[in-house]
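So the structure is just underneath, and the comments pick up after that.
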Amino acid sequence: MKRLLVALILSVLLIGCTASQGGAPAASNKLQLKGSDTELQMFAALAEEFKKTNADVDITVTGGGSGTGIAALINGEIDIADSSRPMKPEEIEKAKVNGIEPVEFIIARDGLAVIVHPDNPVGELTRAQVADIYTGKITNWKDVGGNDDAITLYGRQSTSGTYVYFRDTVLKADYASTMRNMEGTSAIVDAVQADKTGIGYVGIGYLTPEVKALTLEGQNPTDKAAVASGAYVLTRPLFQYTKGVPAKNGPTHKLMLFQLSAPGQKVVESTGFLQVTSADAAANEKQLARIG
Amino acid sequence: MSDTLSEKAYLTLVALSAVSALGILLAVILFLFAFGGSALSADFIFNNWNHQHIEQAGVLQAIVGTLALAVGVFAVSVPIGVASAIYLTEYARSTWSVRLIRLAIRNLAGVPSIVYGLFGLALFVQLLALGTSLLAAILTLSAMTLPWIISAGEESLKTVPLAYRQGALALGATPWQTIRHIVLPQSLSGMMTGAILGVSRAIGETAPLILVGATFFMNGLPTGPLDKFMALPYHTFILATQHADPHAKSYAAATAIVLIGLVLMVNGVIFYYRYKIRKKTLGEIR
Amino acid sequence: MKISEKHIRIFFQANGILSVLVLAGIFGFLLINAIGAFQTITLGEFFGTTWNPTSYVQPQWGILGLLVGTLLVVAAALLIAVPLGLFTGLYLSNLASPRVREVLKPAVELIASIPSVVLGLVALLVLSPLVASLFGLTNGLNALTAALIVAVMVLPTIASLSEDVFSAVPDAYRQGGLALGATRWQVLRRVILPSSLSGIFAATMLGLGRAVGETIAVLMVAGNALAFPHGLLDPVRPLTANIAIEIKEVVTGSTHYQALFAMGLVLFIITMAFNVLAELVLQRHMKRLGA
């Protein structure tokens, strides 16, 4: 019986190995990406597309939040950190102390939508109102023109770049402690879609018909032009930080070129984000020039 | 009259509570199939993970990763665990050392899985610089499984009658010869079933994997012990809480079905094997 | 060099000592980092009520809110699992026919084999909406939902240990009761249960330890808010879930990293205390019964 079990295990392993021959290169080209959950879908999709023309590069993508990726980069554990917020000066310092220079690239643009349940009569808020809601100063929907219901706050966890970006840009203070820290963006969407009194913040790539995106300062995030031009207040760049200047023609260099190319940016769009602006592209060119 | 009524009532209450355990088990399985049954297919089991087209995605890599973990944990924890069990039952003379070791084992069995994760992170990932890899995960999960293997080993060794050992020693055999030729062969199958059960628990763990290593997306299969890997529990967890696709939850349930299927299959085989052994030995005694 | 008996003995002894080393290692890493944490964080701060290490304003390191969250979940879970587990153990040891036993006992053990992520998923998909609609809440991620699923996880532990305890009651006690004309229930209630009290206590302690240590299932359904909880229907962030959430974002060696290890140390001490207590009480109990 033991022999049966051993045989079973070995055969599954063998099947597994042969079945994915196309995807199991004897490559020494391995790239590890880690970080933003917001960008996880996008980078996984980009990695998949990239693989079609670069079968010898092995890419693994893990989520956990921008903070996770940045910490891993500082710890020297990964090649590229995906981050939906810029690295803080202290973090860059820590990396340098460890002998790592984070090199910043902008891969996409994102809008951050504030969402509520579709049945919520409130359709528009000012930036100040959103801040007051999330810091706990406003606790009832009736104070912003809605029903007499207590507001249920949904947000990300402190590992999330989105959490940090939203706090540092909109609140400029700590979140109310009653905010439920959801595991990931889709958890926020699920929660708000089921909760008539809920409010949440998510990247526009995660918007579904089951939730309503609020208009902020006269602009709605579903208006792609408004987000692309920056007219919508909550637009932000999405970053990747590489472990030092990428080696010329190395896997990181190739991946970066692909991601910033036209086909790559098309993949970016297909996952719900926006292409980089010309200003972003210029900044990227400067970094790429360092590769020589 | 009211006595018999309340008697019946109490006994029924007790019986119902007990049966609720069975009910819970069935409910869990039913719910999983309700949510995830539609996502199950041969493709699901044998395809690689496909991020952009989740309908074509399969969990093969996670299955392979989980099996690799199982084999690794078995290879590391069983020799050490069996050797420890042998020490405790065959060799240890000083009650002091035996009590210390038993105390350690009891406590290890009760340590929360997240604390094992912290231990694995500090020791294997960072201090020994293995990084978040298959090997780090194997070593961490082996530390978790060790107490279980030792207990199962001890139980099994104790079933060998003292008379066998004494007989061997009386005939002039050394302790090692006794173990090697008499005790081990007798208790080996019991130890192996206990070990396999212990390993099947280890592969269901998620918390340590969050810290020491599984990944959600990769292109192929791990080619070496220091590689990244995918694993069924971690995959289920991410699908349930973080994936954006509207079908993600049903895929999470489907992945859970594969995982629980694996665990139940192992348990079922072990259970059947033990049942047959029990029948055989009982038959022999008569 | 010939491998002598002595060498073999030392080999086995070394393996035996390994478990002690692992335990010492776990404790060691936790302690070293905890000490590091306390260079920056005072004990008073650590036992404060608010935990917010990444605060915009000022990092706060108080674990009390998280600890209360753990306690709420654990207490509620045991309130459900202990009676259920005891009755199951009672049934299995005294009332069930051998055929029923053949089915029920493995079923209970099988629940213990279900991976916690799977139970967490079922709680997320089924229990959470159920609790939300039962209590008129807008969201079912709270201490109660977590407690329900933890109860399911702890049930097999309590059931199997209490079954052992009830089976250990000498037959003479039961037969004596029946001979004096007592009914089955009366024997259970007035003979078996009272003579098993400390065994039941041990089973509860063991269940407590297991419940405190549960990570993944509570992570998925407890709500994870940082606010100090006021009741079972509030979202809570138990210590285990907090470590799992934040450990991924900390830089090795930072104060936050060390503080999480200090939290791990608290967990380690709590679970160890419950386990050792259970072990001691159980040993004494079994000795007394002459089992």
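Per-chain numbering from 1; labels A, B and C assigned in written order.
Everything below uses one rule, namely that a contact is a pair of C-beta atoms (placed from the backbone, for glycine too) under 8 Å apart; a residue touches a chain by one contact, two chains touch by 3 or more.
Just so you know, these numbers come straight off a predicted model, no measurement behind them.
**Student:** Name the chain whose C-alpha centroid is most distant from the C-alpha centroid of chain C.
**Tutor:** A
**Student:** Between B-C and A-B, name the chain pair that shares the greater number of C-beta pairs in contact.
**Tutor:** B-C is joined by more C-beta pairs in contact.
**Student:** Rounded to the nearest whole Å, what is the centre-to-centre distance of chain A and chain B, using the mean of the C-alpha atoms as each centre?
**Tutor:** That pair's centroid distance is 35 Å.
**Student:** Averaging only over C-alpha atoms, locate the centres of chain B and chain C and give their separation in whole Å.
**Tutor:** 18
**Student:** Can you list every residue of chain C that touches 2 or more other chains, as numbers and ranges?
**Tutor:** 220, 248, 252
**Student:** Give the residues of chain A touching no fewer than two other chains, as numbers and ranges.
**Tutor:** Each of 75, 182-183 in chain A touches at least two other chains.
**Student:** So which bits of chain B are touching at least two other chains?
**Tutor:** Those would be 126, 241.
**Student:** What part of chain B is in contact with chain C in the complex they form?
**Tutor:** Touch list, chain B to chain C: 3-4, 6-7, 10-11, 13-15, 17-22, 24-25, 27-28, 31-32, 35, 80, 83-84, 86-88, 90-92, 97, 100-101, 103-119, 121-123, 126, 143, 146-147, 150, 174-176, 197, 200-201, 204-207, 210-211, 233, 236-237, 240-241, 249, 252-253, 256, 259-260, 263-264, 267, 271.
**Student:** Note which residues of chain C are touching chain B in the complex, please.
**Tutor:** For this pair, the touching residues of chain C are 5, 8-9, 11-13, 15-20, 22-23, 25-26, 29-30, 33, 83-84, 87-88, 90-92, 95-96, 103-104, 106-108, 110-111, 113-122, 124-126, 152, 155-156, 159, 183-186, 188-189, 206, 209-210, 212-216, 220, 240, 243-244, 247-248, 252, 260-261, 264, 267-268, 271-272, 274-276, 279.
**Student:** Name, in rising order, each residue of chain C that touches chain A in their complex.
**Tutor:** It comes out as residues 50, 52-57, 129, 132, 138-139, 141, 219-220, 223-228, 235, 237, 245-246, 248-252.
**Student:** What residues of chain B sit close enough to touch chain A in their complex?
**Tutor:** Those residues of chain B that touch chain A are 46, 48, 50-52, 60-61, 63-64, 67-68, 70-71, 126, 131-132, 192, 196, 215-221, 223, 228, 238, 241-244, 246, 248, 269, 273.
**Student:** Which residues of chain A touch chain C in their complex?
**Tutor:** 64-65, 67-68, 70-71, 74-75, 91, 94, 152, 157-159, 164, 167-168, 171-174, 176-183, 191, 194-198
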